[in-house]
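This is the structure, below, for whatever I ask next.
Per-chain numbering from 1; labels A, B, C and D assigned in written order.
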Amino acid sequence: MAGLEHIVTFRVRYSETDQMGTYYNSRPLEWFEWGRTELMRAAGLPYTEIEARGLRLPLIEAHLEYRGKARYDDELRMTSRVAFCGKARVRFDVEIVQSGTGAPVVNGYTIHAVVNEAGKPVRPPAWLAGRLGTDK
Amino acid sequence: MAGLEHIVTFRVRYSETDQMGTYYNSRPLEWFEWGRTELMRAAGLPYTEIEARGLRLPLIEAHLEYRGKARYDDELRMTSRVAFCGKARVRFDVEIVQSGTGAPVVNGYTIHAVVNEAGKPVRPPAWLAGRLGTDK
Amino acid sequence: MAGLEHIVTFRVRYSETDQMGTYYNSRPLEWFEWGRTELMRAAGLPYTEIEARGLRLPLIEAHLEYRGKARYDDELRMTSRVAFCGKARVRFDVEIVQSGTGAPVVNGYTIHAVVNEAGKPVRPPAWLAGRLGTDK
Amino acid sequence: MAGLEHIVTFRVRYSETDQMGTYYNSRPLEWFEWGRTELMRAAGLPYTEIEARGLRLPLIEAHLEYRGKARYDDELRMTSRVAFCGKARVRFDVEIVQSGTGAPVVNGYTIHAVVNEAGKPVRPPAWLAGRLGTDK
């Protein structure tokens, strides 16, 4: 079942634009990652603590749909949701819109393996699944 | 039908690594874009010329599968293919492997709209479809 | 004379680290730019408005001193100051430290030309120098 | 005394542009680093081997002068030189120009500490200074 949801707002930096005058197409993956970081911090489980407990969540798949422009200094609103957390996988769904108008900017998702320090896939432990709201 | 294919080799830059010691997950989108640039140059149709002729190919969808590590200075081989060029769409398929061993690194695709300077979708003209090898 | 000063805090993103486990050396220039953006917004003169009034502030010189590590998710405090605004130049001085301890991370400055839309150097107008606190 | 010199050519990637239509100001630091990598490989001493021998060359200072525009797909020529290698320091001087015209794009330098794996400054050993051409 679907789990936690977290919202952040931010502005497009000059360094994130390209010569078409909108954000460059790789930037949303950096935003997605920051959104996950803040979602997990809000859940009381900062990613640094996940690493300290011996788990890693390397990205294994990502998907992006570019739905609208966003220019330098535009304020955007990003909603990150834990879509599921099962077997040795966690999936986050992300939606980014213009803060003021709600106009769509980017939709996407990322799928992560759950692995131990040796890189071996493991079932997400209860302390992780519980915090992410997907333990029911 | 499938069209042109183009191969480039390159090394992972220090700036493209992250603290996990492998390439950061947004970098492949930059590599994909560079691969398309070189494919189109090899086809005798540099992207700057496409822009000069009044067309743009904005990205509307991207997909990435992270299949293996690549460390600083590893030499990688990237194969870009025109998957199709139809209606108001062009799709490129990309495969990146370790140059020496052929071990998989990243697979993915990008889908682009074909639009005029006013941003209006247009059917890919013959000079574009022909060069991309998808006019049959 | 020295002008405005503005402080922002932020966390190091995963995408900003490299395999040495600290921030990659080009990232501070992106942070500096964001610090200037926020300083100017706080001064009531967003950079988008400066552009709308027909001025550009292209970077002509930058200097960075790397003074300490900053890891993923470390909270940093960045102080940006208008060092001077004269002839056709504006200079910003920047200091970044660890938020908690005050330990130095990066010091630097950026020097910008003041040019019109045609790229011609111009004397900073009163509305600009005044807002930046350097008109005395 | 001055040491080795190495030249590479490359094209500006779309991802390296910003909305002013020229390269974003942090990109040259990534190019500088790639230039050093290739200089050291040409000297028969890849940076990965320097790391394998237990040394690190962390950046402690960087300086950039932005001298001219470079647009998407422009071909640039970058010359990297070992300016000196002394005490616990190595300095590289870099010049980037337009390949075709020689028009200046960026000049700069980077200064690196020479440290062991524990992060302690050390005198550059003979195998390093010798290869960099600064042992006289």
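Note that contacts are C-beta pairs under 8 Å (C-beta built on N, C-alpha and C of every residue); 3 or more make two chains touch, one makes a residue touch a chain.
What you see is a predicted model; the values in this text were computed from it and never measured.
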Farthest chain relative to subunit C (centres taken as mean CA coordinates): B
Selected pair, greater C-beta contact count between A-D and A-B: A-B
Chain centre separation (subunit B, subunit D; CA means) in Å: 28
Subunit A-subunit D separation of Cα centroids, rounded to whole Å: 34
CA centroid of subunit A to CA centroid of subunit B, Å: 24
Multi-chain contact sites of subunit D, meaning residues that touch two or more partners: 14-15, 26, 29-30, 33, 72
Complex contact set, residues of subunit D against subunit C: 20, 25-27, 29-30, 33, 56, 58-66
Contact footprint of subunit D on subunit A as seen in their complex: 14-15, 17-19, 21, 24, 26, 71-72
Contact footprint of subunit C on subunit A as seen in their complex: 11, 13-15, 29-30, 33-34, 37, 46-48, 72-73
